[in-house]
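First subunit A sits with subunit B, and in the next complex the same chain sits with subunit C.
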Partner chain A sequence: MSRRLHRVGAAPSRTTRIMIFVVIGAIFAVPIIAMVEFTLRAGLDGGYSLGHWAAILDPENERKYRALFVGVANSLVLAVVTVSIVVFLLVPTMILVALRFPRLQRVLEFVCIIPITVPAIVLVVGLAPVYAVVVQVFGSSTWTLAFAYGVTVLPYAYRAVQSSLGAVDVVTLSEAARSLGAGWGTVLVRVIVPNVRRGILAASFISVAVVLGEFTIASLLNRQNLQTALVQVSKSDPYVAVIFALLALVFAFALLFIIGRAGVARSIRRAP
Partner chain B sequence: MATAPKRRGWALLGLAPFAVYVLLFLAVPTLLALVTGFFDDDGKVTFDNIAALGDRVVLTTFASSFWVSAVTATGGAVIGAVVCYALLGTKPNGFLRSVIDSVSGVLAQFGGVMLAFAFIATVGIQGLITQWLLNSFGIDIFQNGVWLYQVPGLLLPYLYFQVPLMVITFMPAMEGLKPQWGEAAATLGATRLTYWIRVAAPILAPSFFGSLLLLFANAFSSYATAAALISQGAQIVPLQIRAALVSETVLGRENLAGALALGMIIVMVIVMTAYSALQKRTERWQR
Partner chain C sequence: MINRPGTPVELRDVVKEYSGNRALDGVQLTVKAGEFVALLGPSGCGKTTALRSLAGLEQITSGSILIDGEDVVGTPANRRDIGMVFQSYSLFPHLSVLENVEFGLRMRKVQAAQRRARAEESLALVELDHLGSRYAHQLSGGQQQRVALARALVTRPRVLLLDEPLSALDAKVRLQLREEIKRIQTDLGITTLFVTHDQEEALAVADRVAVMRSGRIEQIGTPEELYLSPSSPFVADFVGLSNRMPGEASEGFVTVHGQALPLLNRDQPQGSVLAYVRPEDITISDAGIAATVVSSSFLGSLRRTVVQLRDGTLVSVQHDVNQRPLAGSPVYLSFDGRPVTVGPRG
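Here is the complex of A and B:
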């Protein structure tokens, strides 16, 4: 009797699995390959070259691509401010709720999940009047957009932090630290934060990826970020737009991959 | 003990910054978006904008949005479920799983404009596949006009982010299938087909349809890919909101963006409520 006849449960056979991966993987690889191929095209008459990649570094093109570099810089600033909102506003609130107001846990979760139901395109309709006020208070610099981004990353950031926070008994830990004479500041910085560090890191990485990919709010509030610059530049120089899009996708992949592997390393260490 | 209530008061104050932030940048914009549809330019209450939701043009765009979302959600759910099936039996901590998780995350959540570029490079007029089919087989995919920059053109890019989202949302349910159930079924003489039809499918059904709804909501609300592909016109609801925001002349009615936003929110709330109801049923099996 062959082994196949004895196979029980849901898992597919090795052949089936490989076939599915190869077929679907190949289909999903095509657009990415097409992007790479597109950036290597030498010109309308065919042939390939690295010309478009080299052009990015050419100082002569600096003015042509200025919008793009401004967009990248703006997006990086937005990423930093958004991560600060997550780390200094969301995380302390989540810890406080876990320590002192366990009953508010559900409310907090509900609030943090709302942005999934309220799409960015709807939010932006209401954000326009809000930003009329924000501009008066903080000026019209691009970084103010991070207030809106802080809201759009809430569901992702909340889930990432909560998966760490839920795994440690923060109440017992903080009581132990308090009974040894630690102040609340020490409890927060030296006891709780080290325990949820991975969650905070994951939340920050996901926030960076979301901010770098954000287009809707920036474009409809007339701000410049990486994505709006990509659309703008693609009209005059599609090659360089596709190159930057590829780089951004690879960067986002790297961020998520690092989170994933860090999680694996931790769970292996924890296993008995 | 006397200081306890006072302490609690201070602790409550600690919640204030986040509460204020969420109020200003989530609650206020959401309410404004919902309410502006009920006012005219002079701030008087009117139902003109809401009535505009019944306009033929608006109804057509809602129908297109529904169509695109339904088609890509169904396609994405089926293909995504097949990928999840193939992932069963791979090591949850393995390298392959990490790569697929990260790729899915990138494509499902951060693609937007960049996916539009990818598909212009693939099936655009000068695209890799377009040219290959034309030069090698003489097949012109744009024989009946360039559909990439129309509503049908959204289908491929949308599927490209729907399938990964399905993998992310459906995989936990697939992994919840306990090997013991398969063994128990086999001991009782069930074939693998019987096991799938009588055991696995009923357990997975709520999660599958829940994920399908999430995919629908995802396609219904996504804007960036469509905006980057379709620069002219307003064929789906998010693009119509863009048109209403950018120029105030759509249908000659102001504050239409608010009414459209209200229409979108109603659809989203219905879909997401159904999603969370199905999700609750799913969790029974994931303990």
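Here is the complex of A and C:
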């Protein structure tokens, strides 16, 4: 299908599109460019160098920046556990509801959307006593924060998966597969998951982005993640804090870019 | 593609209840090996539920379902060895046409080379072997249903179940595919159940037609039996066209507008009744029941004319195309005297 076919009568002209792109692009680019410029400053006298970037890798500074590396490692572990919660708990639940309990769809949607209406600070107040129990059962490791993150990413992950799940007739497809001799496990792995793959991928990456940017819950429950470490380090070395903030941003951007490409790659492969 | 000899299927006293409602109310059906049976009825009559129960996609409340003499009620859908084509398009969108057709063989752990050969053979059967590398969204509705048929047949199932496979297609494709299904079924000799609400479709393809109503089979018979001797007013009304005309029934005859017509079934109600008279059993002639022509439509090989009797009843008459009654002109009707079905009035 040619690109032209997608254009409708009300589509903006080329000039308008370029203007929109420039304005929106500037809003995003200015702070990022400012951050890059800041990290390249060589002291207060003016002039630029890569000194601050090189300092991160200098073994002599290891103690100084340890909090940051611990924060990054913790955040990555949290991202993995949170994504696991999404992939192994939320996705199967959604598929089960779609196949066997379609009447519960509204309830599930409502439950999954609630966290977006609850500010993180309110969530923490409720979570504090819950975590008193969590600590008893699982210990006080940072990864346990993922239970709370599993809740905060629900609205984003739900929407992403539902948009894929709603686009295919999962009931008929699973019935067709069953009539051809497939058991429930095969139906899930070979028929449903491949058709909602893009939604699962998007849900996972959005979850990672949310986890990497989370500060409030970690800070108030006294856990160290990337964001709390950034705040801590920025007090003594603002340059390195900004460098890490930039890297986190690039990482999240790369993830979202991959989501976009995954969809495009699929439609190209499908073209006649 | 050679199929094993057909398998007999039997439904015994099958009951299916949904929260108090009986979707199937003691269905009895015997399908002989290799037979093509259509389940026909209005929506909500239980025909699809019956088919899905046979496929194992619905759990029945009571009764038994026998495939080749073996009760399969406790057998899950994936072990019943049936092929099914659904009303909605059901091809797996992430697989190519060939991979779709191979799916059932893959489930049966057939070797790759043999799998491919059999899938291609099955696609050739529906004349789509040249489209193996396409995806579902690149096919027309008719092509998708043909692939679905090839996919259902490739495993050489014991029974083929067709759940309104033509209803989403446009008229011309529907007619073509209907003929194709009939040809393939005859070639393979596979026991087939076909659900449809279209009586013309059922009469055209099936060896026998089961007319369903409110979860029960009202009548089962060859298309000719159903058309010529419907056992109830419902069947007379549902299969083919019938004129409902008031009459008086007694001693094996019903008198309609002064003309006596023999009753099909002597046990049918007596006294004031409605007679179900086929449009082709009425002739426009020079004498008889006076009527006025309302409209006349040309249907290719015949013409159907609607006339109004003195008492206001509208009657549909089927006749030769060369006879062209003009709207508003007076005509007379006479009955050919074929036996009719009667039902209670009101």
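Quick note on the criterion: the second predicted complex is superposed on the first by the 235 of 272 C-alpha atoms of A that agree within 3 Å, B and C clash if a C-alpha of one lies under 4 Å from a C-alpha of the other, contacts with A are read in each partner's own complex, and residues count from 1 in each chain.
Here is the rule we go by: contacts are C-beta pairs under 8 Å (C-beta built on N, C-alpha and C of every residue); 3 or more make two chains touch, one makes a residue touch a chain.
Since we're looking at a predicted model, the values are computed, not measured.
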(request) Pick one for A:216: touches subunit B only (first), subunit C only (second), both, or neither. (result) first
(request) Pick one for A:102: touches subunit B only (first), subunit C only (second), both, or neither. (result) neither
(request) Name the contact category of A:166: first (subunit B only), second (subunit C only), both, or neither. (result) neither
(request) In the three-chain superposition, say which chain, subunit B or subunit C, touches more residues of subunit A. (result) B
(request) Based on the superposed arrangement, let me know which partner A:116 touches: subunit B (first), subunit C (second), both, or neither? (result) first
(message) Contact-wise, after the overlay, does A:186 reach subunit B, subunit C, both or neither (first, second, both, neither)?
(response) second
(request) Name, in rising order, each residue of subunit A that touches subunit C in their complex. (result) 168-169, 172-173, 175-183, 186, 191, 194-195, 197, 270, 272
(request) Give every residue of subunit A touching subunit B within the complex, in rising order. (result) 7-12, 16-17, 20-21, 24, 28, 30-35, 37-38, 85, 89-90, 92-93, 96-97, 100-101, 104, 111, 114-130, 147-148, 150-151, 154, 156, 206, 209-210, 212-216, 219-220, 227, 230-231, 234, 238, 241-242, 245-246, 248-249, 252-253, 256-257, 259-261, 264, 267-268
(message) Using the touch definition from the top, list the residues of subunit C that touch subunit A in their complex.
(response) 55-57, 76-84, 86, 88-94, 103-104, 107-108, 134-135, 137-138, 148, 151-152, 155, 161
(request) Note which residues of subunit B are touching subunit A in the complex, please. (result) 8, 11-12, 14-15, 17-18, 21-22, 24-26, 28-34, 36, 79, 82-83, 85-86, 88-90, 93, 98-99, 101-103, 105-107, 109-115, 117-122, 127-129, 160, 163, 174, 177, 179, 181-183, 185-186, 192, 195-196, 200, 217, 220-224, 227-228, 238, 241-242, 245-246, 257-258, 261, 264-265, 268-269, 272
